């Protein structure tokens, strides 16, 4: 299995509902350093998993929709806790949709699975991984 | 699959028996920067894999039982080589037991598997991963 | 010159006033991974720059006053842009005051200067450094 | 499953054929920081996955065959794009062959799979992983 | 003293003349992860050292003039060994010139000194630092 | 000012005398990832600060004298607490002596100062820096 990974980041504000979150129930924020791994069993005719330029641009534009925002006021997330786990899944689904829509080019349609990791500090991260067709 | 990871460290002395270990047969020591990954297929009602506060406390207390020790004199390890691999397995079993005993809360009982990684330097690490029920 | 450094982090929300900040004028947030360096010319009788346990606790309690907060509503920062640079200076002054007040122990009074670095992502950081007596 | 990982690096020049590579069609170069993970289900009699000294030497000698070279003039790669993905696979096959030939010692014959990761910058990496017997 | 740092990278081919360079006399290549630190004693009216957006763009455009190139054929470097040290100085001078020419805005004219660091692997880096007016 | 840095590591056991050290009074151990920075104002005729190959070898041989040892039984350290700070100074003096004795070659005699940093975990490090002639 081949994997290619690109990294970028976003800086958001949010709060989390539930006593389990302790002080994180207050409005606070986070830098998420985001890794997206693209996986497939064989390389394309150029010897690559995905056009890394398009992969980076797709990650950047996907993050741009959330970057510099207060997630508590985003309609898409109304009623949801925007935990790191939840955001990893959200980014997974949006990038998977971009691949299926052809935004990463025809060769990227052979990408089988993705793993999206959000590093929230030097001591904690969360990830979501899955098959692209399974979303 | 969702993953949440927390990081902490311990500083131990030990020696390793067997010519394969070369100079590491002498009493020496290591800082182990330890990552514990908690994995499950679905999130709980709060949108999390595990209470990250309890996860961090469990890791800290698990490491505290070994931290600042000479592992050569620990009864639990009598007759064993405390290699990085062995210690990864040891921490895996202790954290899995903590989950099963409810120390990470009822929602954590849904955690399916763990991966424990011990970074021993900037150029080497070892890990053990497995199903929680399989231990 | 000897230096000892300890690391911790905080997660805050804020916004920044001024067109120069572009999208960061919106309410957003940041994880700051914070390094504090303590510097002195000679070691104390125990062979250390500072009691690293007290140094870590001081850093943690200093960050706790800001952690999980929306800095836009903190009275201390009313009328100020809480830029990374500004926060580095703020933490510098608070930790210098803690040293002068004896919270890090009598030996720490010999610490001559501090450097406080806030890593805001994998591609950007800011720092403030200065003499302790000069603050 | 146990994993042991060792890290080293190489510095090569190359160019990549195809419009998809944009400016990387020009002769340029890269530092690849290379991680090799060795995996097996059980430890050997010494409590290890592999002799980490031999693992490191094997990685170094495998990289030495490519290090400080212009890959465009290497016969082995004639007609191939030496993408990061391709090089990950190449190193995988060479290290797998070294294991099968006994260069890592008899105990290493129990290694089941490998993962080879090439970090090409702070924001991109590629990997190849597979069963050793499947190569 | 305040510091702000931004990071980017470039990927170049080159060779180095002189027996001291051993195998690096061959045409090879390197990824340089580049940190540029901007330093000044006081903040501007917005509470910043420099417009970090302009700082990042200036770094990117400065690197673009070398990125994906074979430095052995660059006229600017004819007769020079493009060592990591030499490249750190070159980038220092180009970014200092950009500041003096106003490309980072009027407030950046108060930046007093720069430090440019090129990380060439996980185990080696080189830097050049100096006053801006002293170049 | 130019700087070149090389990195290596050592793994030692020791204990520290004094209540200030808490649990570190017990025999324990540490991995020290060691950075040595070589500094000078001008480059030599080859465009370098120091022969990086000799610098790396000197660091490795300097660490080899301590690596895989119990520092509590080393005569050189009898009566001293082998704190991270103390070890940074020790390595500084030994590498400075190697430079003065010509082990890094004649060009390295122009190195003016050194900084030795010992990373003991992901959240703590210590360093010693000074003029070479001043030791």
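A few notes on this one:
The chains carry the letters A, B, C, D, E and F, assigned in the order they are written, with residues numbered from 1 in each.
The rule is simple: a residue touches a chain if its C-beta (ideal position, glycine included) is under 8 Å from a C-beta of that chain, and two chains touch if they have at least 3 such contacts.
Given the structure is predicted, the values throughout are model-derived calculations rather than measurements.
A rotation of 180° superposes the C-alpha trace of chain B on that of chain F, rounded to the nearest 5. Where the sister copies chain A and chain B meet, the same residue numbers recur on both sides for under half of the interface positions.
Centroids of chain A and chain C (each the mean of its C-alpha atoms) stand 31 Å apart. A straight line joining the Cα centres of chain A and chain D is 27 Å long.
Counting partner chains per residue, chain B shows two or more touched chains at residues 7, 122-123. Contact residues on chain E toward chain C in their complex (touch as defined above): 1-8, 43, 46-49, 51-53, 56, 105.
The touching residues of chain C, counted against chain A in their complex, run 7, 9, 11-14, 23-24, 26-33, 67-70, 120-123. Interface residues of chain F facing chain C in the complex, by the touch rule stated above, are 16-18, 20-22, 80-86, 88-89, 117, 122-130.
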